[in-house]
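Several structures are given next for inspection.
Look at the two complexes coming up: chain A is in both, with chain B in one and chain C in the other.
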Partner chain A sequence: MALLVVPACLLVLALLIGPMILMFRISLNQFSPTQLMVQALSPDNYIKAATDPYYQQIILATLGIALLCTLLTLILAFPAAYWLGRMESRWKSLVVIATLFPLLVGNVVRSAGWMALFARDGLVNTSLLKLGVISAPLEIMYTTKAVIIGIIAVVLPYMILTLSAVIESIPRDLEYAAANLGASGARVFWRVILPLSGPGVAAGSILVFVLCMNTYATAVLLGGPRFKMMAPAVYDQFVRGNNWPMGAALAFMLLAVTMAFTVFGSVAFARKYRTG
Partner chain B sequence: MAQLTLEKLTKRFGTSIGVESLDLSVNEGELVALLGPSGCGKTTTLRMVAGFLPPTSGRVLFDREDVTQLPAYKRATGMVFQSYALFPHMSAADNVGFGLEMRGLNAAQRKTKIDEALKLVRLSHLADRLPRQLSGGQQQRVALARALVINPRIFLLDEPLSNLDAKLRAEVRLEIRALQQRLGLTTLMVTHDREEALTMADRLVVMDGGRVRQIGTPQQLYDSPVDAFVADFVGRCNILSGRRANEREFRTTGGLLLPTDVASSERDDADAFALRPERITVVAGETGEVRGRVQAITYMGAQTEYVVALGDETLVAVRPTPDAGEPLAALKPHDAVSLQWDRKVPRLVPQTSK
Partner chain C sequence: MISRRHFLSASAGVAALASGMPTARAEGGQVVVGTWGGDYGQLLSDIIDKPIMAPKGFEIVQDVANADPRKTKLLAERQSRRGSMDVSCLSDNDAYIVSQSDVFEKIDAAQVKRLDKVFPELKSDIAIPHIYSAQVILYNTNQVKTPPQSFADLWDPKWRGKIGLADILYPNNTLAAALAGGGGVSNLDPAEKKLMEWRSLDVKIYPSNEALAAALKSEEVWLTTMWLARGFMWKKSGIPLAHVVPKEGTPAIVFQASVPKNAKNKAGGFAYLDAMLDAKAQGGFADKMGYVPTVTDAPLPEDLAKQVSLTEAERARLLKPDYAYAAGRSQRTLDFWNKEFKA
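Now for the complex of A and B:
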């Protein structure tokens, strides 16, 4: 049976681990505007990425947006996930498909849709102006707001499905028992549903956080040229700047920060729920 | 403790009937068991009393207070679930304390009551364990303590013993009954286990298809069932269909004449003869009024079961296992036997009552 895992492992080794080793080697090289990449073994790129305020700001902004989006997604997803997890109708599989449906549209196409909505003369502004709700068009496009909305729309289905699977596994009788003992709906949620959803909250949050950290198309299309997140910055280094060593170093920084938070989150969570 | 009254309580799921016009009152300190096959509406009834399910029509009253519209968390019923429904992330003590916390008691007040409740179910030494660290029987007792500690107005038991093994079940049955009587708990219990119902309940409600078939004490239901369904459901029963032949005999559809006393059966529409196996005496040899041949003998320890063929019909008799040397002990399949019973004992009942 163990042999069955071999092809998949080889594939991962060849297509993921291999390039990563190459990338790591590249990240230790140096960049010269005339010769592009110069062979070297120096940590300079990492030092620059960690100390240059320009890159520091990008890393912090990416981290901030990812954390905020994860939190907002969690809050938005919970009611939907609860509803889906408790659904007993035969239409349930259809609802699951409907939840996944937005993912069938690529991020670029989706962001183009958001652009049509958020632009100065887009649907949102035109409607609100015509209705007299606002007197001047709102600036949504090319702001952090637009990026956050765009990202949440992408990651919401992942969170909903992860949470609903866990909520589904919480016996309904526990809610009845809590109500029977005098707990109102809100208290049933805080004392029973939420604590028991812990594993789903953790899994969904990690998944969504990683996706947010690596946002590319949404950040570029809705954030505009001046808005910087890590993934576009990596791309810029490789393609616009032709600076492969710096791009590779930034990519590893992104990976390191993402992993650090993921591991930290998992450990903190495991500690909190060790007895549960 | 309060009196529980159900008035024309009805629950329909779409077009199908969950419970149809159920009238029942459980007196203060009384234990009433709802008994019936799965899907008979007993659990639906219990859930309506607890407030988990809104009735389609009818009323639920605690004493004279109409609680039909009251949400579950304001009803102050104490329920023991079939699954126990203990909160897996809380210790036994915290499970017991949950209801007290919801009632706004502070930690010190809770502690006293939790200790008291755990002592009542003899679990004080396991207060800090999580449910998964407890055996099934211990979990069940935590569930009991949790339901009782809030001084419920009505005590509700949903198949409380079905997840315990047979030996423990008999023990816990007596324990719950003793507790219920000592504390004077007005109790509504749901079960599909007739033995559980007969041994624990003051009164039984036999339900089928959302309707009540019969309400009465265990003895009434066992000895005087209103129809063949009840007769069969509350205990093993020989049921033969046919018609009464005259004042002293019942003729089965197979043409067999069975002694009975029509005066002891009230109903004219009776088309079934019901007789419990332990009421039949088996005598070796062809001496009596009802004669047949032994088809099978099953030794069950203290008792022995005899399946006797009477023409096309069969009757099952259960007797105390005879000592070696008694004529019955030598009985073998195909031997001729006579069956006897007090002719006042068989009930002539309809197959189904409307």
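Now for the complex of A and C:
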């Protein structure tokens, strides 16, 4: 049976671990403006990335945005996931497909849509101006709120589908039993549904958090040039600065922070879940 | 004894000669051109590949990518006996950086026949100048009645919040700031103070040239510094713009083409460079993209010339980049732009 996982593992080893080893090696090289990269074995790029206040600020901002988006996504996704998880209609598969539908559109295309909505002369501003709600266009594009809206729109389906699968597996009888014993709807949610959907909350949150940490297109297109997140900073070093060693070091720093938070979250949840 | 196969191939050859078909195809061979896609790649295909190279028997294959992957490929392949490109198209700054690793063949008139027609100030020993343009001030004619005459004028507080810059052109915006502060192509130091002053005047930054064009169109901003060629394309798309060649000088950008030392078809590569300098082809690029011919015998129609060319006096103010200085300072320029100016 164990042999069944071999092809997938080999694929991951070849396509993920292999390039990562190569990139780690690059991160130890040194940048040269004319030769682009000089062979070396130096931790300088990591020291610079970890000690430069500019990158410290970016990593903190990225963490803040990712945590906020994860929390907001969880709050927005839960009611929809509950509804979907409890649905018994023959249209359920269509609703699942509809939930998946936004994932069929690439991030760049989706962000372009948001740009058309949020622009100074976009649909939102034009409509509000025509209705007389505002007298001057709102600055929505190139703001943090535009990025948060854009990111949540991207990750929401992942959270809904993960949660709904878990909620579906919680026996309906437990809710009836709690209600029968006099629990209000809110109490049933807090004492029955939420604890039992814990694995879904954890899995969905980790998935969404990782996606948020690595946001690139949404941050660049909706946040504009002044908005700072790690993935665009990595791109900047690789493509605009041609500084592959620094770009690789920043990529590993992003990976390390994301992994640390993911592992911490998983362990904390597992401990809580084990102890009830 | 003549076999059936020999007879058929000999007959085909005779028939081809008789019908005047080009027979040099095998002689010319395949030429791989590393180029940008989009309008540039399409125009190369329409104006050079099909009408000039194909009749000479060359089969052109475009290796489409942005400049950075192309630079990386050239550097990664430099130790290989056979590279993947016969022609590499890069901007002058990028070509300089790559050439430091001794990647390109030297250009001389024996290989590129039309080299003697190239404007002397655009010549380089590792590339031919294909097209060029100059960094000017663009302004919205509806809103700006007294246009600025110099880069320094863009720091006038009356333009507060009305100047937009393209983020991707940060080296050029930095150079404009240096020129405004009394610096130059070999001295970007004054740029840092001027950029911070610009920041305090609420200069707006847009992620791409297209986003900047949209802001100019919606009159969110009224002024910018940009390639004259791009201004021409924006005007053609209906944005009410005019340009000023700044007093301090107008930095040039030259899009070049080179033949890598390890090209498989060097003769084909040089033939391609020669075709890029063809007078008719040069006119075609000016008409479609607004970039100015680099050769003396490709005069443009008067109306087009007025929009995309520089006058003699303006050409005298053309500033050739100090490639070595810009390359050596590239990381500092990017860091200042990101960490201080955009902070």
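Operating definition for what follows: the second predicted complex is superposed on the first by the 270 of 276 C-alpha atoms of A that agree within 3 Å, B and C clash if a C-alpha of one lies under 4 Å from a C-alpha of the other, contacts with A are read in each partner's own complex, and residues count from 1 in each chain.
Simple rule for what comes next: contacts are C-beta pairs under 8 Å (C-beta built on N, C-alpha and C of every residue); 3 or more make two chains touch, one makes a residue touch a chain.
Not measured: the values here are computed from a predicted model.
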Which of chain B and chain C A:174 touches, first, second, both or neither: first
First, second, both or neither for A:194, with chain B first and chain C second: neither
Which superposed partner A:98 touches (first chain B, second chain C, both, neither): neither
Contacts of A:184 with chain B and chain C, given as first, second, both or neither: first
Overlap of chain C and chain B interfaces on chain A (superposed complexes): none
Interfacial residue positions of chain C with respect to chain A in the complex: 68, 71-72, 75, 97, 100-101, 167-168, 170, 205-207, 214-215, 218, 220, 327-331, 334, 338-339, 342-343
Chain A residues within the chain B interface of the complex: 171, 173-174, 176-184, 187, 191-192, 195-196, 273, 275-276
Touching residues (chain side chain A, partner chain C) in the complex: 31, 33-36, 54, 119-121, 220-221, 224-226, 233, 236, 238-243
Residues of chain B touching chain A in the complex: 50-52, 71-79, 81-83, 85-89, 98-99, 102-103, 130, 146-147, 150
